[in-house]
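Next up: some structures, all given as structure tokens.
Two complexes are shown next, each including subunit A; its partner changes from subunit B in the first to subunit C in the second.
Moving on, here comes the complex of A and B:
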């Protein structure tokens, strides 16, 4: 039963987080793990959609979310946040992107800032699960297929039938 | 955890009763009973209009929770370890804590404050013991919250661990309310005894109302090795002469075990904290009660300050 650390205030994340971090096997220990994640976060902020192994994506996701939420909370005049952005974004022009593009984009969001999808695994290939990690509101076409116009879906079939019935009734009324 | 079901039922009953009062106005039903001539529908309409008007006129006010509550009452925040979270248990614990606080005045204190705790002790003379000391550590949360007091008595360092919500505690006084530079003062164990010696008959010092809690920036002097811990590895701010006892090998090993990347590990920090939204929820739940107790304490303090001096001619 430890006391919660009260020296820092953080916003609640809108994603589910694991109770413990993943070690992300590497020879340099925790520092190397953070370097891996910094590369991933930098790539995510740069490209807005990346495909990578599931574990690394899931780990990096929390860091990206917190980086953005802290940037929204404190703004670009807060020294500690700026230092954090400087550490996490290896390409320094992305610091400007974080504060000038992503913060205005996500200011009024009520959902998470990132999205993750399972991606297919190559066969035969490495066993690890693949995933796609993206920032919400990115300029690419959506990864989720729009099914609203699929005529074989049950609700569309029912809507079609209802429409036909309505038309039949109208015609019968006109015939009278 | 000892939760009396009777108490729980009482509490729930009260809440339900309150709800009923809010939803149906008893006044208008009496009115309706008296005027039996009136049709059934009319009073109902009246009632609804009256209730809506009263709701509209009273703006819904949210309690403004002071930002420093998380420092004053850190034990109300649950353990951030996700596996151990249990919202219902936490809520029940908070209710029990408030219950205990209704019985006994548990004042605001910090690591570095000088306190006196009076507790029941079957072996002490008069079955009551009073211990004065400096709070060197605060840990655990909920009903298990505890703190350590340290003093030097008869050239012997004494530390007592008190649980804040222990029913055997009779009185907690803060003699000098202040903070130190570090979050825990375990290094006082290896400091010269004068830094943890406090007079047992010390008088409580009054702090001005509304003044911020002062930070005592005293730097303690350590005695030579051997020490209980490797203080050079802990980046202590409240120690004056640590360099005097360090050799190069100590400095090197201290440098080797430093983890400068940890301050950038956002998720680690997040997992060690309770997010702000959740904190607000928790403190909104207990604010009314704690605030009332604070006001009561202030009133008592004012009373105490106007005591007539007991000087005889």
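Moving on, here comes the complex of A and C:
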């Protein structure tokens, strides 16, 4: 009864997180891995869309989501959040971007703040999968085509005609 | 009345594909194909298997003759326009097809391209040899102007419906394929007109579902759709045991200077002006929704119009919206009926 609701104590992320982190093989060990991820999170906040190997992108995505989520929950007056932002963002001007640009942008979002796509592998290239990681609401043109807007696609032609026929039927009923 | 269709085993319809009436094509899996093949029987072919074998033999002979007749191989330059970059390919005249060009580009082009566009305006089948130097665009169903490829898809659906019906009906039903009118997407349904040796066939839901399942099977089996231009004599020879096709051939050949275009899918051969999409795997969601009795024919037979609606694979539509399309596709399609004279309609279209 007196138990605290866990989901209110910590940020609930809107993406699927793997049960265990990836080690992301690095000669400097865990510190090297974290530095790699900090660089990635910094680049993501800076450029808003980056292309990189899938593993690294997926790993960094979780940290970026958590950072933005905490920034929205606690604001810029919360010590722990500020420390976290200071740790993950290597370029310090991006801390301002996080609280002044990204927090207002994502305040009312009901979906995740980042988005990931599979990207093509070059042939013959190296084995690793490629991906694109981006912040939602970025200023670049969309990577996926919005199919609902193209009236000429087969399903849209069919639906359009069905709608017209329905209206004709209703009008005929009204005229009676 | 006894069923004229070999009803597909229920577990086959339900387990292999989907739980709903709208038979939805899932990603081709080898496993599913293996499952299907154990149910395939040659026995339920409606036209006798010997006549089908004869047709295919003639088709193969003519195809081989045309390939051998190419003789000295000339090179042509095909200028490919599109992603990832414009390139010029040096191909063989009368041998290389747009599909071969796609093979040079990438796996994705090969898999995705449904139809080719020659010189920016002429639709060209993926498996039809190129004749001279030209520019080439490869079309799929999500290009910004998909009219041409949609039309080809609709035509292919009618053609595939013929093959599916051939498989579904028992021999005693005496199914004869009549023809299919030109594709009209706005009418909401694709059509194949048939003649059955019964005057009061009222298909049950299971029977229609079986035909839909046959369509999905065809799509899973991923048949290449071959095109062949033949002279009228050879076409007459191929369709000599089909009363309606032989009747239609002279007027078709008259319009096209004595040449008739045939299409083949697996072992099913039909006459069509084309173009069609490259393979049957482009068929996604598909439902054969209705069979309408159109007219009586002869002493005992009747004309029936079979209708359905389909979407290309890769186009997602929720089942409520697809249900609306299914409902609409049940209404009798207003295209020319098989018992109306062919020439008159042609003149109407021209005027």
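Of note:
Assume the second predicted complex is superposed on the first by the 144 of 176 C-alpha atoms of A that agree within 3 Å, B and C clash if a C-alpha of one lies under 4 Å from a C-alpha of the other, contacts with A are read in each partner's own complex, and residues count from 1 in each chain.
Rule of thumb we're sticking to: a residue touches a chain if its C-beta (ideal position, glycine included) is under 8 Å from a C-beta of that chain, and two chains touch if they have at least 3 such contacts.
Remember, predicted model here, so these are calculated numbers, not experimental data.
With both structures placed on the common chain, the touch criterion links A:91 to neither subunit B nor subunit C. When the two structures are aligned on the shared chain, A:145 is found in touch with subunit C, with no touch to subunit B. Once the two complexes are overlaid on the shared chain, A:165 sits against subunit C while remaining clear of subunit B. When both complexes are overlaid on chain A, the residue A:51 reaches neither subunit B nor subunit C.
Taking subunit B and subunit C in turn and counting the residues of subunit A each one touches, the greater count comes from B.
In the superposition on chain A, A:154 contacts subunit C only, with no contact to subunit B.
Once the two complexes are laid over each other on the shared chain, residue contacts for A:5 go to subunit B alone; subunit C is not touched.
Taken in their complex, subunit C has these residues touching subunit A: 141-142, 144-147, 150, 153, 185-188, 309, 311-312, 315, 317, 321, 324-325, 328.
Subunit B makes touch with subunit A in their complex at residues 70-71, 74-75, 77-84, 138-142, 144-145, 259, 261-262, 264-279. Contact residues on subunit A toward subunit C in their complex (touch as defined above): 145, 147, 150, 152-155, 157-159, 161-162, 165.
Partner subunit B is touched in their complex by these residues of subunit A: 1-6, 8-13, 17-19, 21, 30-31, 34, 59, 62-63, 66-67, 70, 84, 87-88.
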